[in-house]
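Pasting the structures here.
In what comes next, subunit A is part of two complexes: it sits with subunit B in the first one and with subunit C in the second one.
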Partner chain A sequence: MSTLHETQLANQKTELGFWLYLMTDLMLFASLFAAFMVLRVGTNGGSSGVDIFNPQYALLETFVLLASSLSCGIALISARFGKLKPAVIYLVITMLLGASFLFLEIREFALLVLEGNSAASSAFLSAFFTLVATHGLHILIGLVWAGALLYSITKKGLQPRVLHKFGLFALFWHFLDIVWIFIFSVVYLIGGLS
Partner chain B sequence: MNHTSYRAAVKQYIIGAVLASILTLLAYFFVTQRITSSVTLLSALVLVLAVIQLTVQITYFLHFGADKKPRWRSYSLLFTTLMIVVVVVGSIWIMRNLNYRMNMSPDSMNMYMIDQNKKGF
Partner chain C sequence: MELFANLLGRMSLEYFPKEPATIGAAIGMPLAVFGVVGLLTYFKKWRWLWDNYLTSLDAKKIGVMYIAVGLIMLIRGLADTLMLRLQTAVAVGDQAGPFSTDTFQQVFTAHGTIMIFFVAMGLMFGLINVALPLMLGTRDVAFPLLNSISFWLFAAGMILINFSLIYGGFSNGGWLGYPPLTELQYNPGPGVDYWIWSLQIAGVGSLLSGINFFVTIIKNRAPGMTFMKMPIFAWSVLVTTVLIMLAFPILTATLAMLSLDRTLGMHFFTSLAGGNPMMYINLIWAWGHPEVYILVLPAFGIFSEIVATFSRKALFGYKSMVIALCAIMVLSFIVWQHHFFTMGAGANVNAFFGIMTMIIAIPTGVKIFNWLFTMYRGKILFASPMWWFMTFVVTFTLGGVTGVLMAVPAIDYQVHNTLFLVAHFHNVIIGGVVFGYLAGVAYWFPKMFGFTLIERLGKLSAALWQLGFILAFMPLYALGLMGAVRRLDHYTDPAWTPFFIVSGIGVVIICGGVFVLVLQIALSIWKRKSLKAGGDPWNGRTLEWSVPSPAPSYNFAVIPHVSERDEWWHRKQHKLAHAIDHYQDIMLPKNSSIGLIIGGLAGIAGFGIIWHIWWLSAIAVVAIISTVIIRSNVEETEFTITAAELKNAEAKL
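Right, the complex of A and B next:
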């Protein structure tokens, strides 16, 4: 009885701790956003946002990530209601969509670099690549985490410990989608205006 | 979580995703159709839509309304928001001011920097 209560308390603490980590991560992104806003005009005579951003492509990336976030939420709910099969299926869909997002982003970066717009070209591009790649790196870490989660679900089933970890992962994944909304708005939409 | 049915819980996520999609598309069309010629107004509109979407996602995906007391998550988010506003608005403000006080055109600034680079730092 008391041990159950203790576990719950410990879980609440880890959840708050993880939330605080997300808040510090948010501050990291905020400083990168600030750098981007300040350096956006420093194109060094090269390409500016209007020349290189394709809003349609960014919209596609946004929807892929939003679908991934939705599927992650449904997977979590399924897991909490003890539905193993939908939980696994939706988690796999989440991972596939996340991987597609990462692929789209890497493809975009590769095309930019091939056109001669690398991070070394100008302050604007350095800020752009740093901001967007930091987000992409988080997505990559999330994918590894999702893989580990999938392994423990199939291995151990939907135990309370696994469910707790699933909850933390879902929090991380939704958080990344929220950060991406701001990248889409500030970098691709606002940054693409003259 | 235990009082709601599976369908109701999933519905929450779907409502959130639909609202988020509408807000995203709205921002996209505002910018691609250039509904106003003022860049400042357009930027402000897009930012407002992004903040609305933030609240939508926090409500429907992170279930912020269901936060237990004491609301540590909300307090820390509020504090983080304050820090973000200080960092972002502060940086833009200071760097703009600095640019203004340098009193140089972008070209002369470029020449100046090239000169400085030749001298070495």
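Right, the complex of A and C next:
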């Protein structure tokens, strides 16, 4: 078995590596944001942002996702204090809110496609769908991860190893929140109001 | 029948090769693979290969696999070159060359892609894996399993790109695949998809490696090794990994967008429906320019170690070298537009990027002078790595000069997309990257295997490369100035033919250089008993030479404490004998086949997307996610070497 010191060192490395991964992910999103800003005007004579975006609806999505981040934070703090039950409950709430967010997003996409505004309609819509769906895909991965985490917590309790992974998951989840804030501002506010 | 056809996506018999040259390759390559498989089976080496290499998480073993793939791909890329030059030596005026235009285009695309992604990147990651942990005085990289996954993703990309030879054909869009040529409208076949997904998969592997080595350098240095006491090779890797982490996500995003255009009919880069092909060119070079520095900086690091070692002197201007590396790190991100001065950005933008490009020559020049001053008054030993260094200094500096020339937008307008450009970038990439990594292979080979390579053959190889290089590329400069554009499979002016023939002769001589290199490795393995190397065959300066050759799996029995920049040299000079009296238990990662599994699944997923076999890709992706989840619940991933076992092992060395 590894000593306490070695475990701490290994956790530090993983944490640094995970932060770095998040930064590379940020570069990925930055490229997609750049593409969106460039292609915003490429509507091909079809719908533009003003026509199809509903900032109120996006605001609802924002609140749902922010609430899930809050509950994720509470779950992590509970877990670090060794309180199993609230940790599990708030993690489940996080997952439910995340799933609701995903549902709202898919609903929005479906309505757009039914109105004839699909990703293949124009460059603007390609960029929009790709940027927002990439975020959605991250949320989906986060939900799978949260499920695996929930399994570990209920099966093994709040061991240091599990707690460490919980911390990484929380980082990921908050990161997605921050990216969403930018999507809300750049896509739905700038793109939907101007 | 309908259902069966749908299960196979768009696969059909028409995608098998039809031209003699491609049929030959499609038959020859599987035969070679079967030959190797047969030999492994005949000599009953599978178990050995599986335990010692394929599932190993030892960075040195992973490094050897990278280098092996890199060298094999070097031969493949060189075979492509032979085909290209054969065509241009013949196809003038009324005469047709041996290859059709489409084949020719596929060949130059494969040549560029393979040389950059699977030769240069492969040798680079290989040498980093072999040398970096040893130099830092640590037992392993920060994330050994991730390291294995990176390698197998790299290998999966390599297999995909080579599989296109057998079935489907490759992209004809050049190594950077500019749209709209690579869009669905003009290129509906699977070739471009092969290109996209082989790079996409290998690219993710590179990105993960970047994170891994960065954390290794930040967290795994031996006690006492401050940043300014790190070997300069470690600095070069640190800077390279920063570039990888910033640049490779852009490549991933760009290729993803192109792929969405091609598979889901989106319009990022089409010339219709509001798409913007110029955006692709900006994005791909925002990755592509840092990429050339990603390739060359570790080579600079290797040369810094080699020059210091064989001049018996500390590196001249260590601090200025670090500053130069960091300056290049920043500058490499603000020069990308110089790849397309002619594409309408306007005079002011061109002026900015032109000046930035010229400025980047300054830190590079600093390095050249540092190496030369290191040699000045040194006791120089011209071993084979030094031969590679000498060829490098001449070739690379010349390439740098033509680069500064082309940084002037007005001149670039004259030579843009001509063979002058082709000659320039081969001048820096062969001179810097290839010579650098071949020097690194010669230098660290004894550390990998415990015996040196035959020196005379190494020197001969370097000499042949140098001669072949001059003959192959000087005519291209002239041709470029005469107006020969690149990627030309047929031309009308017979005055060009002699130049192309000389260039072809140069390529043949380079092939001789590679042949000698292979012969050198084969003969050295044959005579390994008489070439046995001790721990320190070159009288080295850094910590990798303080351990026996080949380095034990645990690298260091006791982690060294570092007080000087050239720690091992310092110890030798001051006779600081390193008596080890107390051993401790150490933990090493167990072998794992996870990397192999994930790499294989990623290759299958890519194959599915290329051929529109969606169910296959979906299954592979779900399997990858499941593998990751299952692995994350494995508790015992390490094994212990007890102090007593360690003592025994050390006594035997």
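The working rule: the second predicted complex is superposed on the first by the 191 of 194 C-alpha atoms of A that agree within 3 Å, B and C clash if a C-alpha of one lies under 4 Å from a C-alpha of the other, contacts with A are read in each partner's own complex, and residues count from 1 in each chain.
FYI, a residue touches a chain if its C-beta (ideal position, glycine included) is under 8 Å from a C-beta of that chain, and two chains touch if they have at least 3 such contacts.
The structure presented is a predicted model; accordingly, all values stated were derived computationally and were not measured.
When the two complexes are overlaid on their common chain A, residue A:M27 makes contact with subunit B and with subunit C alike. In the superposed model, A:A148 lies in contact with subunit C only, and not with subunit B. Of the two partner chains, subunit C is the only one touched by A:E6; subunit B is not. Of the two partner chains placed by superposition, only subunit B is touched by A:R80; subunit C is not.
In the superposition on chain A, A:L137 contacts neither subunit B nor subunit C. In the superposition on chain A, A:S122 makes contact with subunit C only, while subunit B stays out of contact range. Once chain A of one complex is fitted onto chain A of the other, the partner contacts of A:F182 are limited to subunit B, with no touch recorded for subunit C. By the document's definition of touching, of the two partners only subunit C reaches A:G17; subunit B does not. In the superposition on chain A, contact is made by A:A35 with both subunit B and subunit C. Once both structures are placed on chain A, subunit A residues 16, 20, 23, 26-27, 30-31, 34-35, 38 are touched by subunit B and, in the other complex, by subunit C. Residues 2, 6, 9, 12-14, 16-17, 20-21, 23-28, 30-32, 34-35, 38-39, 41-44, 119-124, 126-127, 129-130, 141, 144, 148, 152, 161, 165 of subunit A are the ones touching subunit C in the complex. The touching residues of subunit A, when paired with subunit B in their complex, are 16, 19-20, 23, 26-27, 30-31, 33-35, 37-38, 45, 55, 59, 62-63, 66-67, 69-70, 73-74, 77-78, 80-81, 83, 171, 174, 177-178, 181-182, 184-186, 189-190, 192-194.
Those residues of subunit C that touch subunit A in the shared complex are 142-143, 146, 207, 210-212, 214-215, 218-220, 245-246, 248-250, 252-254, 256-257, 260-261, 264-268, 270, 272-276, 279, 283, 587, 625, 629, 632-633, 635, 638.
Of all residues in subunit B, those touching subunit A in their complex are 1, 6, 9-10, 13-14, 16-17, 20-21, 24-25, 27-28, 31-32, 39, 42-43, 46-47, 49-50, 53-54, 57-58, 61-62, 72-73, 76-77, 79-80, 83-84, 87-88, 90-92, 95, 110.
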